[in-house]
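Note that chain A is present in both complexes that follow, paired respectively with chain B and with chain C.
What follows is the complex of A and B.
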C-alpha cells in the first residue's frame, strides 16, 4: 500500500467533507456542537461519582477525569478517521450486501476502509473536546509530560481505537453468514464498549479485571492504558500488553474476515439495500 | 448447447471468455410451523438452485451483445461473476484478459459496471462531487477526465444537474448520471444490468443513443441485460439467451425469429373499421381503422398478398414489420419452461 496513495485518498475525503461543511455550515456546526455536548454528558455521570466518592473505583477524581478525557479523545480519533460510510459499523455494509460496491473500485479493500471514513471537519467535535479535557486533566494531575510520554499517549490512543475496531470487525464476520441477524452486530459491540469503558476497574475483583482486559476487552480501551501512562500498569502486566492484545485480536479478525469474504463471494448476499450504498 | 454457436475467436480479440461456468446456490426452506422447529434447528431443508450450468461464450472486442433470459435465468449471476463479485463454482472466466478474482484491481481500471437497481453516486452529495471522487479513485489523467466528462455531460444532458444531490434526482436522471460516472475512466468493456429499468421513453432514448454511439465511435464493448427485447434488438447485434442457467441461443435476432412459428406482421389501414378478409394473411386484431395481420413472409406469398391488398376498396396504407421480438422470445420462454 503506497503511503502517497493513502494521503491522496485521505485528502479526497477531507475535501468532500469540507465541501459538506461549507455547503451546509449551519447543520454541520449543530452536529459538532451536538457531539461535544453529548460526549460531555456521557462522561459527566462517572466524573461526578468520582468527585463525590473519593477513590471511586480505586482511582482518585483526577485519574478518573484523565481516563474519561482519554476515552473521549479515543472516540474522537475513531470518529474522524472511521465514522463515515459505516467503516466502524462494518456489519451494516456486509449485511446489506454493500461490499459489492467496494469490489468494483480499483483499490484494495484495506485501503478503502482506511480512507473512506475520514471526516476531519464534520467529525472533529469529539476529538477537540477530548483534547481540551485531556489537557485540563493533566493540569489537575500536576504531570509534567515529556516528549516520550506524549508519543506513548498517541500510540495508546491509536491502539485503543485499533482494539475496538478489531472487536467490531471480529463480530461483524458473523454477518457474512447471517446477514439479517447480524447486520447490527457492530453497533452492539460499540454499545457494550461505550457502556462499560467509562468505569474505573481498579476497585473491581481481580477475576473481573482480567475478564474485562481479555475476553471482553473494554478495560484495554481506557482503564489499562491510562494507568500504564501514569506509571501504574495494573494486573502486573507490562505497559505493552495492549499492543500484544491488539496484534493477536487483529490476527484472528483478519483470518476470519478473509474466510467470511470468501464465503460472501461464493454465496452472495441478496439483500441489497438501495438507499445509497455507503449509508 | 446453444441453438447457434458463435465461431471461435483469436484470444487477443476476446473481451469476455466464459468456459463451462457453473454456479449453484443453496436456498434454505423454512416452513415456520411449530412442528418443524426442531427440524429447522438441526437439519434445515435445503434446495439447490442451479443459476448457471456449464455456460460458455465469448464476446469479441467492439461487440454490442444483449444478454437476456426470463427471471431467474442466471443473467445477474453471470454479470456478477464477470465483475468479480461472485466466484463461479467451476469453469474459467476471463474478462479483458484478466481473471476477475485474482486480478480485480487492474480489471476494474478497464471495466465499467452498472446495475440498474443501485447507484455508484454519492447519495448525499451533488453529482459533480461523485465525478471528482471517481477521478481520484481511478487516478484518471486530467485531460482524459475533462474530455470524457464534457462529452458525457453533453450527450446525457447533465449540465443543469451538476449541483443537484444524487438523492434528489429522478430515476432517469440518476441513471444518466450513473452512466456518465461509469464512462469517466474510458472503460474498454461496459457491463450493464437492466440500465433502462423504470426509465420513461425519453430517458430510455437518450441512454440507448449514447450507448450505440459509444460502441460505434469508440469501439467500447458492451454487454447488456434487459427484459425489453425491442430495446435490446435496437442496440445489440448479437443475442445470448439464457434459459434455466443454460445458454439456449447465441446469434442474431433474425436467427432467433426463425426458431419460432411467429411470422411477419402487416398493418393494413382502411377507411372502414371492419377488417378486410384476406386469403393470404391471418387477422390478429383491429385498432380503429388499422388492422393487424400475421403473414407468411415467403416472397411469392408476399407478392400475391400485395396484389390481393391492391384490389381492396378503401385501402389507405400498408405497413409491414418483422415478427415482434417480444412475441418471439415469449414463445421461446414458454417452450423452454
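What follows is the complex of A and C.
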C-alpha cells in the first residue's frame, strides 16, 4: 500500500466532506451538534455520579473527568477517521452483502477501509470538544504536562481507537456466516463499549478488572491508559500493555477476518430485493 | 389478531434463522455489561456512597438487574426509525394491516428471542446472585404498562421527526439514543443523581419510561405520583402523535437500500 495513495485518497474524502459542509451548512452543523450532544450525554451520567459521590473506587472527580474527556477525544478521533461509510460498524456492510461493492473497486480492501471513513470537517465536533474538556481536566488535576507526555497521550488515544475497532472487526467476522443475525454485532460491540468504557474500574474485583482489560477490553479504552498517563498504571502492568494487547488482537482479527472473507467469496450474501430494499 | 400474531412470529423467528449460536456473543456482551454495573454499585457503596443517597445497595442491585431483564420493554424501540432510514417503511403500506398495528406486532415479536434467551434465564438465576427481582409493590405492573405506552408514543414521535427532517435522520436517532439513555433512568437511578436533578427528571416524559416502573419496583415512596405522571404523559403524547403522524406521513420518502 503506497503512503502517497493513502494521503491522496484521504484528501479526496476531505474535499468531499468539505463540499458537504459548504453546500449544506445548516444540516452539516446540525449533524455536528447532534454528535456533540450525544457524546456529552454519554459521559455526563458517570460524571454526575462522580460529582455526587466524590470517590469513585479510589478515583476522585477530577481523575474521572480526565478519563471521560480522554474517552470523548478518542470518540472524536474515531469519528473523524472511521465514522463514514460504516467503516467502524463493518458487520453492517458484511451482513448486508455490501462488501462485494468494495471488492468490485480497483482498490485494495484495506486501503478503502483506511480512507473512506475520513470526515475531517463534519466529524470534528467531538474531537475539538474532547480536547477542550481534556485541557480543563488537566487544569483541575493541576498537572503540568511536558512534550513527551503529550506524545504518550496521542499514542494512547490512537491505540484506544485501534483496540475498539479491532474488537468490532473481530466480532463482525460472525456476520460472514450469519448475516441477518450478526448484521448489527458491531453496533452491539460499540454499544457495550460505550456503556462500559465510561466506568472507572478502580476498586472493582481483580477478576473483573482483568476480564475488562483482556476478554472484553473496555478497560483499555479509557481507564487503563488514563491511569497510566497519570503515573498510576493499574494491575501491576507496564504502560505499554495496551500496545501489546492491540497488536495481538489485530493478529487474531486479521486471521479470522480473512477466513470469513474466503467463506463470503464462496457463498455470498443476498440481502436485497428486486426493488432495492433489504430483506 | 391472527395476522398480528403471524407478523410477530415472523419477526421473532427472523433472528433465530441463522441459529441460536450467533446470538450468544450478543448475550455474552450483555451479561458482562450487567456484571460490571452490579460491581460498580458494590464499589461505590464500599466507598461510602450509601450515606449519600436514600437507596440501599440491594435496591440498586435490584434496579439494575430488573432494568437489564426488562430493557426492551422499558425503553421501546420500534423498527420505525430504522425502517424510515433504510426505506423499508413503505413495505408496511403494502400489507393488509394497519401501520401502527404492524409496528406494535413487529416490536413485540422482536423482543421474543431476547426475552427467551437472555431475560428469562437471567430472571431464573436471580436467586443465585442473590438479588431480589420481585417488585415491592403491585403498582409496578400498571406502571410498566404505562411505561410501554409512553415508550411507543415517544419512539413514534421521533419517527415522525425523522420523516420531517429527512436527510438527517441519523442525527435524530443518535440524539434520541443519548437522551433516552440518560434521561430515562434505565442505567442510573434518578435518586443517585446530584443536585436534585432526578427529582425533576422522574416527572419528565423520558422519566416515565424506565425510571418510573423501576423506582416503584424497588419501593419508591411516591408510586402514585409517578403513575399519575405517566398517565398524564400518555394523555398528552398519544393525541400529539396522532396529529403529528397524520401531518407527516404525506412527506415520507423512501430511497431503499
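As a working rule, the second predicted complex is superposed on the first by the 271 of 279 C-alpha atoms of A that agree within 3 Å, B and C clash if a C-alpha of one lies under 4 Å from a C-alpha of the other, contacts with A are read in each partner's own complex, and residues count from 1 in each chain.
By definition in this document, contacts are C-beta pairs under 8 Å (C-beta built on N, C-alpha and C of every residue); 3 or more make two chains touch, one makes a residue touch a chain.
Quick caveat: nothing in here was measured; it's all calculated off a predicted structure.
Enquirer: Looking only at contacts as defined up top, I'd like to know whether chain B or chain C touches more of chain A.
Expert: The larger set of chain A residues in touch belongs to C.
Enquirer: Quick check on the superposed pair: does A:8 touch chain B, chain C, both, or neither? Answer first, second, both or neither.
Expert: first
Enquirer: Let me test your reading of the model: by the given contact rule, A:27 touches which partner, first (chain B), second (chain C), both or neither?
Expert: In the superposed model, A:27 contacts chain C only, not chain B.
Enquirer: Touch test for A:187: chain B only (first), chain C only (second), both, or neither?
Expert: neither
Enquirer: For A:196, decide between first (touching chain B), second (touching chain C), both and neither.
Expert: second
Enquirer: So, A:152: does it touch chain B (first), chain C (second), both, or neither?
Expert: neither
Enquirer: Check the residue A:56 against both partner chains and state whether it touches chain B (first), chain C (second), both, or neither.
Expert: It touches chain C, and chain B stays clear.
Enquirer: What part of chain A is shared between its chain B contacts and its chain C contacts?
Expert: Of chain A, residues 272, 275-278 contact chain B in one complex and chain C in the other.
Enquirer: Which residues of chain A touch chain B in the complex?
Expert: 8-9, 12, 16, 19-20, 100-101, 103-108, 262, 265-268, 272, 274-279
Enquirer: Which chain C residues qualify as touching chain A in the complex?
Expert: 14-19, 22-23, 25-26, 29-30, 32-33, 35-37, 39-40, 42-44, 46-49, 52-53, 86-88, 90-91, 167-168, 170-172, 174-175, 177-179, 181-182, 187-188, 192-194, 197, 256-257
Enquirer: So in the complex, the part of chain A that touches chain C is made up of which residues?
Expert: 24, 27, 30-31, 34-35, 37-39, 41-42, 44-45, 48-49, 51-53, 55-58, 171, 174, 177-182, 185, 188-189, 192, 195-196, 199, 202-205, 208, 211-212, 215-216, 218, 272, 275-278
Enquirer: Which bits of chain B are touching chain A when the two form their complex?
Expert: Listed in rising order, the residues are 25-26, 80, 83-87, 89, 101, 104-106, 108-109, 113, 117-120, 122-125, 129, 133, 136-138, 166-167.
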